[in-house]
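There are two complexes below, and they share chain A, which is joined by chain B in the first and by chain C in the second.
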Partner chain A sequence: QMIFNADEAHNIVKECIESVLGKADYNHNKVNQWTAAIVEQSLTHLVKLGKTYKYIVTCAVMQRSGAGLHTASSCFWDTTTDASCTVRWENRTMNCIVNVFAVAIIL
Partner chain B sequence: MEIIYVYTRKRSEFGRPCSFSDRPAKVNVDIPPDPSMASDFVLRNPVDSYVQHTSDMSEHEVNTERVEVESRGVNHVEGGWPKDINPQEVEQTIRFRKKVEKDEHYINTITHLGTLMEHCVKQNNAINIYEEYFGEEEVAEVEDEPPSAKTINVIRDPNITKRTATHLSWHPDTCKKLAVAYSSLEFQQNTKDMSFDSYIWDLENPNKPELVLKPSSPLVSLEYNPKDSHVLVGGCYNGQMAYWDTRKGGLPVEVSTVEVSHRDPVYGAIWLQSKTGTECFSASTDGQVLWWDIRKLSEPTETLVLDVTRKGLLENALGAVTLEFEPTMPTKFMVGTEQGIVIACNRKAKTPPEKITSTYSGHHGPVYALARNPFYPKIFLTVGDWTARIWSEETKESSIMWTKYHLSYLTDGCWSTVRPAVFFTTRSDGTLDVWDFLFKQNDPSLSLKVCDEPLSSLRLQDNGCVVGCGSKLGTVTLLEISSGLCTLQRNEKTLATAVRVLWAASRCLRLKERARSEAQETEVEEKPVESPHEVLNRARREFFEVIEVELQRRAQAETQRLPSLFQVKDCVGEEAAAQGEESQLLKDKEEEEEEKDAAKEP
Partner chain C sequence: GCKFDAGQVQQVLEGALASTLGTMVYSPQGSAPLAQSLAELLRSQAKEVVPPRYKLVCHVLLGQQGQQSLLVASRALWDPESDSFASATFSNTSLFAVATVHGVYFE
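Right after this comes the complex of A and B.
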């Protein structure tokens, strides 16, 4: 059956983040654009993989000013076919966390 | 964003049961706090934030269709007849006219047009815009303002050791550029760090020279070629000649060879009038005048030794200090010498001795400047020792007019290019004098103290309004003289001619008087010798008479509280004369007494 390849997804998402955030510094005016762009691009690329999955992508960009951030998630699904992946990216001024949840569509 | 995922599935395969299981909590992100990062941020209080409560507006533009309007006129020569009427045919025109006049519309149109036309015609007659205003008034001739000059620019030598600005040359076309030759003319005073450079200055930028000319030895004279304004010729302190092309930069294009050049500084270098425009000649205190073609500076084309005995011997030669050349008389030129003699030469003479046509002597010291009057070429001005003298070529014995002896010696002079009776001189006390012989003969009409150091050179711009003076410390001052001194007065030319004639006449008179007085002296000797005693009495009487007169005059002068300048001068002059007489008489008395004693002895 179908298996969600977490590594592949990880790479895809990382590329997307790099392309959007790249060398930018945290800019309050542009953060909305960035998050939207990251999410859209990641989703598009994931769908292009051609697998029959439902994808849920979330993105959080946080300014690095000394605060800590902790998130957790728990899921109730078919563990054989469904999986999730979290991508963390950071630069000098901000942190970016993208969560990808992939739920298989049983045909 | 459109993401479409299409799949097909058999109907029977719908509704497979899902098997769910729990996936335990997973920590996705765990970023510990880092308080040190807070130091990167600054608390901003207050924070500006704007809020605006207005309705949204948008901007649109609309432009109506543009209609091009053009004014045109039509000139009807003959009527504007319709096509089928031949204007030459009288019958047709008459018939047409009758037809039109019967038209109703015609009368209305005519009256309407008539009123319009009337308005325009009346307007035209009310103001004649082509009328000649102020036609009867003449331009104000009388110049009431006193002559004056003001400094418009001062250009200083940028080097630390200042050198004298020995020669100035204006750019022939634009008159906005000035080439200045700098050198130190003190005998063997050249210090090691003294630069050899001379500069071309643009008047717009007096702080930095436009072009730096770098000869191998300081330039004493420098002249623009009047035909080609890019070429300059310069005479060096060591006697060489060099020429520059400003398009090629600051180094000389060619320099004459040392062996055939002058042996003393080249004090005068002037361009000649020639077809090629490349010929120039130079003069120096070594007694030679050399002609050069700048295309070939390896040797001069011609030489002339300034030996007035006409033997061509260099030992007898007089050192030349200044050169003069008038383009309207290309075969003649004049040289002013160190010995105070002006030599007029003819270039086209066959043998060297014949080249020297005549000499004019009269100065006690070197003739520093020599200039022909641009309006009367036979009259020329010489400046030297403490006077400036005006000569006529015909009268060789002495100058026809000279200024009084000044306190400081004169260093340079030139005629005005616009007014025939005006000339300028510079003095070694830093004063520029402007002389106008129609206005005042004894004194300069304007005397201006330009700077504290001696002025060494003077050059008038071709338009006659701006004059540049170079000083001993390398400062070039540009002065603009008042319009009265640089615009041609109405009768000036005729007056100047009249003055010339007067001078010539007065000179003749003076000569006659001198001849007569010489004859008189011989007469005096023939008179019977008075006895010494009588002579003594007579001398004593005259002596006391003179003293009486003088005392009276002095008493008078003191009672007059406000003597005018001229009177005082006259008094002073007369006093000086009287004193001279007194001393003379005293001497005479002494002589008589001696004679008496001598007569007594034997």
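Right after this comes the complex of A and C.
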């Protein structure tokens, strides 16, 4: 199947973030394992969808301190088959932004 | 060469970030469009040094320099023989930026 379902990916990623960060408070010592877990779990679930895509997943976790943060992306690809989705999540002490980029493999 | 040269792309990213952001000051209204135009600029500059047949995903995080901590992680499901990525960071007293370019080969 060659269609990337952004809503489906959005839900998958949101659940992964919830399960890793859930009710945790920002902890500098744990951020490394958290971001690693979020990207790995997201990627694993995306692959299970069984679509012929290469995936790139990025995750940024930032401590909430009032500072502003912006994220943007620009892609050179095939707009008919490739797509992306962004999931923003936050709790009391941190912000998390996950991007999923799906690049079609032509078989 | 016909492969994604991560070192070369990183240099391009570093140069572009430094020359564009230089002594810029963070502003909430200006930073959102700045992040977008940066992503587009970096994507087009990276395209010039990357061999043909590569799709590119360029991602930029632009934030206010404060007391907070930020960690960015990414994972990809791809072909490690041909696909790769490069990233660069920039900071001054007012803002910081993290840029990543992933290159995915397509047949």
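One rule holds in what follows: the second predicted complex is superposed on the first by the 106 of 107 C-alpha atoms of A that agree within 3 Å, B and C clash if a C-alpha of one lies under 4 Å from a C-alpha of the other, contacts with A are read in each partner's own complex, and residues count from 1 in each chain.
To be clear about the criterion, a residue touches a chain if its C-beta (ideal position, glycine included) is under 8 Å from a C-beta of that chain, and two chains touch if they have at least 3 such contacts.
These figures come from a predicted structure and were not determined experimentally.
Overlaying the two complexes on chain A, which is it for chain B and chain C: clash or fit?
Chain B/chain C on chain A - fit side by side.
Tell me the contact category for A:56 with respect to chain B and chain C: first, second, both or neither.
After superposition on chain A, A:56 lies in contact with chain C alone.
If we overlay the two complexes on their shared chain A, which of chain B and chain C does A:101 touch? Say first, second, both or neither.
Touch status of A:101: second partner only.
Look at A:8 in the shared chain and tell me whether it touches chain B only, chain C only, both, or neither; answer first, second, both or neither.
Touch partners of A:8: none, neither chain B nor chain C.
When the two structures are laid over each other on chain A, which of chain B and chain C touches more residues of chain A?
Of chain B and chain C, the partner in contact with more residues of chain A is C.
Once chain A of both complexes is superposed, is A:79 in touch with chain B (first), chain C (second), both, or neither?
After superposing on A, A:79 lies in contact with chain B but is clear of chain C.
On the chain A superposition, what angle, as a multiple of 10 degrees, is formed at chain A by the C-alpha centres of chain B and chain C?
Result: 120 degrees, to the nearest ten.
Mind working out whether A:88 is in touch with chain B, chain C, both or neither, as first, second, both or neither?
first
Can A:47 be said to touch chain B (first), chain C (second), both, or neither?
both
If you stack the two complexes on chain A, which partner ends up touching A:35: first (chain B), second (chain C), both, or neither?
second
Just the number, please: smallest Cα separation between chain B and chain C in the overlaid arrangement, in Å.
5 Å.
For chain A, which residues belong to both interfaces, chain B and chain C?
Common to the two interfaces on chain A: residues 40, 43, 47, 60, 62, 64-78, 82, 84, 97, 99, 105-106.
Which stretch or stretches of chain B touch chain A in the complex?
1, 3, 5, 7, 9, 13, 16, 18-38, 40-41
Which residues of chain C touch chain A in their complex?
Its residues touching chain A are 26, 28, 31-32, 34-36, 38-40, 42-43, 47, 55-79, 83, 85, 98, 100, 102, 104, 106-107.
In the complex, go through chain A and note every residue touching chain C.
On the chain A side, the touching residues are 26, 28, 31-32, 35-36, 38-40, 43, 46-47, 54-78, 82, 84, 97, 99, 101, 103-106.
Using the touch definition up top, name the residues of chain A that touch chain B in the complex.
40, 43-44, 47, 52, 60, 62, 64-79, 82, 84, 86, 88, 95, 97, 99, 105-107
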